Amino acid sequence: MSDPGMSATRFHALYERLRGQSPWGAADRRGALNHITPARLAAAAGEVRAGRTVTMAAPLASSAPDNPEPGARHMTRLPAEPSDVPGVSFAADQITMNVHGDVDSHIDALCHVSYEGALYNGVPAGVVTSRGAAELSIDDARNGIVGRGVLLDIPRLRGVGWLEPGEHVTAAELAAAERAQQTRVGPGDLLFVRLGHRRRRDEDGPWEVARSRAGLHPDTAEYLAERQVAALGCDSNSDTAPSLVDGVAFPMHVLAINALGLHLLDYLQFHDLVPACEAAGRWSFLCVIAPLRLPGGTGSPVNPIAIL
Amino acid sequence: MSDPGMSATRFHALYERLRGQSPWGAADRRGALNHITPARLAAAAGEVRAGRTVTMAAPLASSAPDNPEPGARHMTRLPAEPSDVPGVSFAADQITMNVHGDVDSHIDALCHVSYEGALYNGVPAGVVTSRGAAELSIDDARNGIVGRGVLLDIPRLRGVGWLEPGEHVTAAELAAAERAQQTRVGPGDLLFVRLGHRRRRDEDGPWEVARSRAGLHPDTAEYLAERQVAALGCDSNSDTAPSLVDGVAFPMHVLAINALGLHLLDYLQFHDLVPACEAAGRWSFLCVIAPLRLPGGTGSPVNPIAIL
Amino acid sequence: MSDPGMSATRFHALYERLRGQSPWGAADRRGALNHITPARLAAAAGEVRAGRTVTMAAPLASSAPDNPEPGARHMTRLPAEPSDVPGVSFAADQITMNVHGDVDSHIDALCHVSYEGALYNGVPAGVVTSRGAAELSIDDARNGIVGRGVLLDIPRLRGVGWLEPGEHVTAAELAAAERAQQTRVGPGDLLFVRLGHRRRRDEDGPWEVARSRAGLHPDTAEYLAERQVAALGCDSNSDTAPSLVDGVAFPMHVLAINALGLHLLDYLQFHDLVPACEAAGRWSFLCVIAPLRLPGGTGSPVNPIAIL
Amino acid sequence: MSDPGMSATRFHALYERLRGQSPWGAADRRGALNHITPARLAAAAGEVRAGRTVTMAAPLASSAPDNPEPGARHMTRLPAEPSDVPGVSFAADQITMNVHGDVDSHIDALCHVSYEGALYNGVPAGVVTSRGAAELSIDDARNGIVGRGVLLDIPRLRGVGWLEPGEHVTAAELAAAERAQQTRVGPGDLLFVRLGHRRRRDEDGPWEVARSRAGLHPDTAEYLAERQVAALGCDSNSDTAPSLVDGVAFPMHVLAINALGLHLLDYLQFHDLVPACEAAGRWSFLCVIAPLRLPGGTGSPVNPIAIL
């Protein structure tokens, strides 16, 4: 196979082409969420038949080679200790989490990625200060991201347990997965791509993901644009490491978030969803993503729910 | 009107009666979530018609008389500063939040309330240690709480802007609200009761909610049991302050969470949902609550989504 | 009495005059710490006679009108719970603190205050990024600030319990306190000025300090320069509120930290030190300030120790 | 050499013997700090001759194999951004730190270690709850720990760069170091033992210290008792890993903190102090340890200062 990488020049041209296609005007701040029309959303509810729900998030992770700054949950009250109020006692706790990182399931807001000094739709990077993002924060998705979800399972297509770190998925392979799974990704869909990242982590243990990670080839960004995908989730962070583009780390983050205005969902888990889809005999479902209300925030921990 | 309070003796008898009705056996850890059967959940999807979604959470609050230990969001990377990776830069942040408290929208897990040394279904309070809750943690709801949501709007019924702190709602008034709104709360429903708490806070400013707060009368717990409600949310924390029960602070927390196994949602906001319901001409909707995956956790910040 | 305030013009002239006096050159980053010569430090050890030590810090404060974002200490291990190591168990905890604020005792680094776009000695404000201060951070004081401490007690001079919020101390009054206490502030001394702020807080309860606070008159900055004081501590934050200077909040912070290069110590407590000085019959002592090693940090919580 | 380990039986006998020697009675909560009499403290000031100060703390560490839950410092205000007050702007930050751990320099309070259900002097482990330690917290050392410090440099004695992980120092070797350095540890001294741990970390990089660490042999506890040492610091945590005692992890923590009432200082750094001692031609100095005021706390990050 020839070199799968992409030159900086081609990357830049692709970026310009994709971002030039936006039909929503200079004031738009919702990006690809615009693909979720009321009609599409209402139709997505028709995916609910079995009356079953499945989490797509992984539990809060502890320290590991891919989690050097782990979140924490500390107890502040224990119910077996004397209570400070009459007749009842409480258990309570406090959480601390970095919103991004390489293990905990989270969503990236459109302010997360700056390329050539600008965020999505040309918003200057300087709108993000130490107080937070004055524009394009995760609170723009406060009403949730709800639509038809579709899961494409690449290891299933390849007949392997998982993609090895460094491997990537092309647009052609996404289309092949659609055919194999007898599904088709369409306008307003929330696309989830399973690479097996988390299964590898569960079975072989964590590794230094920042250096070596399976992901999507930058050419998939054209597929995302054509299909009018509204959001993209992955069990890695969608970006291959090392980068497939010379001089640009995280090209998928740039193309998806910054050029296309796609909210990205990173480090999801699909081992609950896959058997549920198999049992249901289909790979689509109603999907609800409910970010915390963090005005100014660059994203949020999330627990996306698939409803079949 | 006669004294609306409840004696400790009557409260205790009510507690015992309610908790004795559980049909799910000693090993049950899901409580009232059991009311959400697959058939009811699938039927709830039929509530989606307009293809519109609405948040029921309030934005992360800053310090105030009702928020003495506010959560925080701090930036860890600013995109306008030199990047540590090639060709792209990021905005990132970190959050710290107490899971409970009197402002931020959150869900209480079944481990949250201990009464007479035990949690829901007789689980000993000692299962909660400094590591977290070994049983009944919020991760038991990891697949989300999804069902038909119903909003009962008490200020609307009364023709007032809000209930004043200290006022309460009886079971009879919940039933009156159902009639006035031409809706009926049934098995597996997620019930939301609007007291106007947050509207008062927005208009008149925060006050010391811990001392003075509108809520539900303990007799509503019988209503919740009869109607087989699966979860209960409120724009206060459902409990009147001062307490209506002698010697027991938070009687609704005890009855709902501990006796009935109801997940409670505290300090929601309904000013987005009310006009959406009015526009739709009905007070029911598909509702999705997606707690973060916090194993051992006593609850989670949440953003419940109504889908109409 | 005539208006005690200072015009913006006079303030600016004072600022320029003071900052022009620095004898340490453009590369200096230690500021007034340069006044602590080895000889002066060695002489200060002669203050130790009684063999007694006294804290000048207050305990970590909880939420209050002057502490809207309180620090916290959460337990992470309890020794009465089963241990994860053989034969022994541990108590452990985690702390979270904002370094500055209006209650907890802390030290301000020289990077803390920017005036007209620059920090101390003309260092551009831009050296402080989301990663921290590349110059003038608190780690520049990593070897501690050790010298002769002198406490001037203004309420004692005035015969009052405390200065009321809004009141201020002039350079003339500092000199009067020296005479009354038969002491004299000299080169390299660490000067502590008691206003009674914390005693008022203890006796009458906390108030909104950000709006109303006793402090020093800007003319004391000339006194600090003449006497070659090496660091300045106060039981408020040294600055009067409302500000005595038109259009400049925190003029003492600007003059002391930014113009003179003085590390400022805010919200100390002196109710342990006053009786110790009375018992010793003198108001000077060896003083040791040991900031935590926080590279890039804007200051540190501290517990200054007086040794008599 | 014969097996250097200690049986559980011998360890337990040693523990009982040491703890039985306490002359301070059942109500004592200061432990070995009682050895610091006013006369000894005043005499220690005589160690100050050169007028030079040196830190014994290391900078806040980032994530590493020995630092799986690193502390953090986040900016909350940047001075180059628009200010929220007139005429001046500020840099400010927030810190989060686990008090213990295997890298950051800290002090252990007497509540830190429970052995056979009790803390120092038989205080029941249950005094430590989720609110903190009701007794024996670090705030008992609020007035600082001040006395004569003595540094014993074991790699210097052995002529090596550092002790390898797993190696240990006996009481005999401490005495040998005293002779070689022409110093003698006496009543009320703060003893610091350099193992070269931090130099190894700096030169060869961090490793999993929890599994493999140089430390002191449990027989040194008798030396500490005989010499009436008031506090003990080390560049590791004083305990060898793997443990030298069957079935008891951290035997030095048990003997020093729990039996002798010694505050332990862990993970100090001595590479600034060693050359300062060499330059001064002696290994003793005035030492000031100033824990933060954390009532209920199990310890504190610290920056011990040596004054020569």
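Letters A, B, C and D mark the chains in the order given here, with residues in each chain numbered from 1 onward.
Convention: a contact is a pair of C-beta atoms (placed from the backbone, for glycine too) under 8 Å apart; a residue touches a chain by one contact, two chains touch by 3 or more.
Note that the coordinates shown come from a computational prediction; the quantities given were computed from them, not determined experimentally.
Trainee: Through what angle, between 0 and 180°, must subunit A be rotated so its C-alpha atoms fit those of subunit B, rounded to a multiple of 5?
Mentor: The two chains, subunit A and subunit B, differ by a rotation of 180 degrees.
Trainee: In terms of residue-numbered contact pairs, which of A-D, A-C or A-B coincides with C-D for over half of them?
Mentor: Checking each pair in A-D, A-C or A-B, only one repeats C-D, namely A-B.
Trainee: How many Å are there between the centre of subunit A and the centre of subunit B, using C-alpha atoms for each centre?
Mentor: Their C-alpha centroids are separated by 28 Å.
Trainee: What whole-Å value do you get for the distance between subunit B and subunit C if each is reduced to the mean of its CA atoms?
Mentor: Here the centre of subunit C sits 45 Å away from the centre of subunit B.
Trainee: Just how far, in Å, is the C-alpha centre of subunit D from the one of subunit B?
Mentor: It comes to 47 Å between the two C-alpha centres.
Trainee: Give me the residue numbers in subunit B that touch at least two other chains, ranges are fine.
Mentor: Only 72, 75-76, 78, 94, 96, 129-131 qualify.
Trainee: Pick one for the touching-chains graph, please: line, ring, star, complete, other.
Mentor: complete
Trainee: Give every residue of subunit A touching subunit D within the complex, in rising order.
Mentor: My answer: residues 62-63, 68-70, 72, 75-78, 81, 96, 129-131.
Trainee: Looking at the complex, which residues from subunit D come into contact with subunit B?
Mentor: 72, 74-76, 94, 96, 130
Trainee: What residues on subunit A touch subunit B, complex-wise?
Mentor: Listed in rising order, the residues of subunit A that touch subunit B are 8, 37-43, 45-46, 48-55, 57-60, 73, 75-76, 78-80, 85-100, 105, 111-115, 117, 119, 124-126, 128-133, 139, 142-144, 146, 245, 247-250, 253-254, 272, 286, 288-299, 301-305, 307.
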